[in-house]
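In the two complexes below, chain A is the common chain; its partner is chain B in one and chain C in the other.
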Partner chain A sequence: MSLNLLDEALDGGGGGGGGGRVILIEDCVETSGAFVVHHLLKRSLSNPHSSDVVVFLSFANPFSHYERILRKMGCNLVIQRDNKRLLFFDMLMLKRDKGKKGEDLLLALYGEVQKAVEVLSREGIQHITVIIDDISLMEVDANGSSNLVLDFLHYCHTLTAQFGCSLITLNHEDVYSTVDRPALLLQSEYLADVVIKAEPLATGLAADVHGQLTVVNKGLRLDGSGNSSSRIHNFHFKIKETSVDYFYPGSQLK
Partner chain B sequence: MAEWICRTLRDGGLEGEHAPALLIKDTIRCPLSSFVFDHVLSQLSSFILSNKSQSKGIVLVALSRSPLYYQQFLKSKGYDVVHSPCWIQVLDCYSDPLGWKSKLVESGGILNRDPGSSVTTSLCKNVRDLDNLFSSIIEIGKELAGDGKGRFVVAIDSVSEMLRHTTVSSVAALLSNLRSHDQVSCLFWLLHSDLHETRATAALEYMSSMQASVEPMALPADGQIGNSMNLSLMEQNFRRGKFCVRVKRRNGRVKMMFEELCVEISGIRFAPVSSEDNVIAQSLVPKVQFNLQLSEKELNDRAKVVLPFEHQDNGKTTQIYDGRKSLIEGETEIHEKVNSSGKGEIIYFRDSDDEMPDSDEDPDDDLDI
Partner chain C sequence: MAAIRPRSSSFSRSTSAASNSVPGLKHGPNGTIFLSSGIPDLDKILGGGFTLGSLVMVMEDPEAPHHMLLLRNFMSQGLVHHQPLIYASPAKDPRGFLGTLPSVMASKDDKSRVHESEQEKGLRIAWQYKKYFGEQNSDSQRDGKSEYCCDFDLRKPLERHFFTGKHIDCITLRYSADLSTFHDRCSSFLSQTPRTNGNIVVGRIAIQSLCSPQCEFSDNEWDMLSFVRSLKSLVRLSNSVAIITFPPSLVSPAFSKRLQHLADTLVSVKAIPDEDKELAKLLTGYQDMVGLLSIHKVARINTQVPVILEATTFSMKLHKRRSLTLECLNQAPVDGSSGTSYGTSGSCSSSSKTGALDF
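So, the complex of A and B:
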């Protein structure tokens, strides 16, 4: 798999194989960050370490949605699910089945996640990635209690410390734009090692550029090389049918 | 100055006084306070291990980072946390702050696995119960400090997490109780101030005798991330910041001090605020193709220009324009000058005596344009 600018930005600051990282993707209505989730999902599954496993908590879309998109990107989620490399929790279904709400729902969900992670780590799986799509919809399931969502995220964070899991979450920035101090957003930024922001261009719409990504790498300890590599990367992207082009502002598209 | 803070914490409080308390705060724009917290922790550890400190041990209340992290951090600083006689104990409020895990273990959902840290002593399963937390801290501290009058340090990482679970008043009560406890030598805690209301931050600042805040060196001009200048400013803010310390003396005097803080691979470095700011500012000036600097010759030439101020006159009589006659005189003079010297000159006639000599007020101020 060839590296693109996004991969370089993610690996540059914090030792790619180290794991245990928390990645937060922030997007807005004008520029959806869903493609970053798809990219990271594919990246986790098509890693050369073939034992990596993804635990996917979907509050936003059913399995078939991701399956169609990832198939176009060259990654078959059905096979990955059958090989037990993708554990997909469809929260739209789970809620209907169990009839739980609020704290009970999230507590039960956390129990499922930790159980899965425990089983996997006992089987000797080195690297587990937990992906949550997305946090604002989880807040809806938590009856609007952002504190409860933060509790859930905190417990997921303990998994990164205990089992070396990675945690990838998506959240929407403009949902909180009227709030004076968006505690949920800020707190998850404090929690994250890497923040990826998807925004529209400051200059407005453009035909060849769909938006810009800013990757902020907060991690310092894993950067053992000693040189001060750049920790903030900013580049433009264009979403195509089967892939995404990443390029620096002003550079030519190939 | 950071050293001075550590020394103050090391020396602890006097008999019959509240223990010195340090509040370390930051915002998301420059989130470096956890490095400061680690620095203070490591400094106090070295003081305690070399018996220079009033206190005998540290009780670390971990809410936002795992005990394992602290174990690795102290190890990386060269402290033997496994074998040496125990001087630090972590009260683990991180692993299971709300008792979710123990509930799940009871119901058979998950296994009970030890986090595997050698410094942990006890697990707190309900951080909402601050009374219980207080008694656990004191209990652990007493074990560390030994019986009698031994004292210990309390470190809390972070109070922001506590405030999320409980109210400001109960957190303030906990801190106040700790400060006034006989055996607490000093305490310090971490706060992300932008997560809370201003009144919560202010209340906690009143509880402390020293406040260290990490502030960004420079803020981006507007919210836009796009332009390269703001990006480099943001990047600076993740590495270095302004370290502002406010100290409340016993007599009520408040003192402010500033220092520069720089985070490096090997640790954190403090430096006096220096002209390095200017160096950064210069390197941040966007590279343009115009030459903004003057050469030496240009500087000299500029210094030679005589501006038309009357006080620079060399003994000539001051001319005031008061009619046709003097103007004609002036004109002839100009012609002579230009003819004789061949140099340019700025000539200015004062309009009338109403105008003050060399005033810079707008002569057309009264016009209604």
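So, the complex of A and C:
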């Protein structure tokens, strides 16, 4: 599998595909970061021989949407789900009881996630990835209480320490741009090892460049030179049906 | 010789004969089906129309009711195609709005419009060439497409027979303390248009000024978000399109952004001031414009590839005060170049005439 710029930025130029990491994806109305979620989902499931499992909490789209996109990218989610390598929680289509509070819903959801992760790790599964798409819709379920959502994220964060899970979350940065001190965004940025920002070009959208990605890798990896500072990668991307082209500004791949 | 077999790869397009026969629907990419917005130009810009199962948000201009133009054409088109409709608004008597729906333009008017555009073709000017690309295409496709999207005459009300015996539900949002009853009506409405193969029943939901302060629930932003989210999931499972207009200036910026993220297709309308001399100099046909329409997001269901439009802002014009048309903005030629005086007025003096707005 050839590595693209995004994979290189995530791996920090070497080092294994990294379990136990927390990745935060931020996007805005103009440029959706959903394609990064699709890419990471495919990456987690791509090795047919491994037993890596993905726990996917979808608040944004139904299963059929992801299934169709990933099929074009060469990854059959239905088979993965049947093989128990993908646990899909469809929170968009979930029927919500009127009397039930958001707190109970999120608690119940976390209970299910925790149970699933515990069972999987007892079975000897090495890498479990929890993906949440997206956090801002979780706040709607919590009826605007960002503390509830933060609690949920903290609980998930303990899973990464306890079982070596990876946690991948998507959030919309521009929602919080007018808030004075957006605790949810700031804290989730603080918890993350890697922050990926998807932004439009300053000059607007173009047919050849769909936007730019900024990857801040805070991972402390001591390489030969002893360089342990966080690395910032910046590159442009063009989204296609089957893949995404990543390239440095001005060096469009032919 | 290899026998020709139907390809069973996942990339082949499944075209069921049943949905082809339903008027007012068109197959789009990625297994989606398009529904007409009621404005031929908007359909063309969006690549076919609104996608079935999508949520369309329109950001209103607080000073002008241009969003009503979009709603009217959307609703009329549905009634012409005999599709069930829900219309909700904060007005006291929402049914009264049905009387203002435009009627289908008679074919005689249609011909005169085509004829006129042919006459104009003799006078083509290079910097306006984009106008004519669209016209030619629509002329050639008019016969096949007439069923899909009609031209509406904004001056004539829709004929009475389109309203009788139809499933039209008009709901006022003014007196309800929360959105739960309206939500139940939407969900029972949408359960009549399920996603099944075979015969397709298409529904349209139009909600005007969701967050307007006349509604009691307008101060509970999280309730409204939860309603929109729930509506989005219901619509996605059904063969319907929901269009919601909201005034972004009356809600908090964070809430407005959240609504924009929830939208599959996001459109905003803006009025243009009557006497903006600088803008009038910059754009041709300024006096005919009634407003500007910007497209921020086009629905991408079942795909991750964004739709990049050639232009995102279009001028809304009323063609002969009757039909709503959208056109790309055309930059006016600089003042000095129109005359004979290439030599006398140099490029410096002509550019200084354009004033503060300098490109």
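To be clear about the criterion, the second predicted complex is superposed on the first by the 227 of 254 C-alpha atoms of A that agree within 3 Å, B and C clash if a C-alpha of one lies under 4 Å from a C-alpha of the other, contacts with A are read in each partner's own complex, and residues count from 1 in each chain.
Just so we're on the same page, a contact is a pair of C-beta atoms (placed from the backbone, for glycine too) under 8 Å apart; a residue touches a chain by one contact, two chains touch by 3 or more.
Nothing here was measured: the structure is a model prediction, and the numbers come from that model.
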item	value
Fit-or-clash call for chain B and chain C when the two complexes are aligned on chain A	fit
Which of chain B and chain C A:D174 touches, first, second, both or neither	second
Partner chain in contact with A:Y110 - chain B first, chain C second, else both or neither	first
Partner chain(s) touched by A:Q212 [first = chain B, second = chain C, both, neither]	first
Which superposed partner A:D151 touches (first chain B, second chain C, both, neither)	first
Vertex chain A; arms to chain B and chain C (CA centroids, nearest 10 degrees)	110
First (chain B), second (chain C), both or neither touched by A:K101	neither
Partner chain(s) touched by A:S136 [first = chain B, second = chain C, both, neither]	second
First (chain B), second (chain C), both or neither touched by A:K84	neither
Which of chain B and chain C A:N234 touches, first, second, both or neither	first
Distance in angstrom between the closest Cα atoms of chain C and chain B, superposition on A	18
Complex contacts: residues of chain A adjacent to chain C	29-32, 34-35, 38, 62, 64-65, 68-69, 71-72, 92-93, 96, 98, 136-137, 140-141, 143-144, 172, 174-179, 205-207, 210, 239-241
Parts of chain C lying in touch with chain A, wherever the complex brings them together	10, 30-31, 180, 221-222, 225-226, 229-230, 232-233, 236-237, 252-254, 257-258, 260-261, 266, 296-297, 300-306, 308, 312
List of chain A residues in touch with chain B within their complex	107, 110-112, 114-115, 118, 147, 150-151, 154-155, 158, 161-162, 181, 183, 186-187, 189-190, 197, 199, 201-202, 212, 214, 216, 218, 220, 223-224, 226, 228, 230-232, 234
Residues of chain B that touch chain A when the two form their complex	28, 31, 66, 68-69, 94-98, 100-101, 103-104, 107, 109-111, 113, 115-116, 164, 192, 194-197, 224-228, 231, 234-235, 238-239, 263, 265
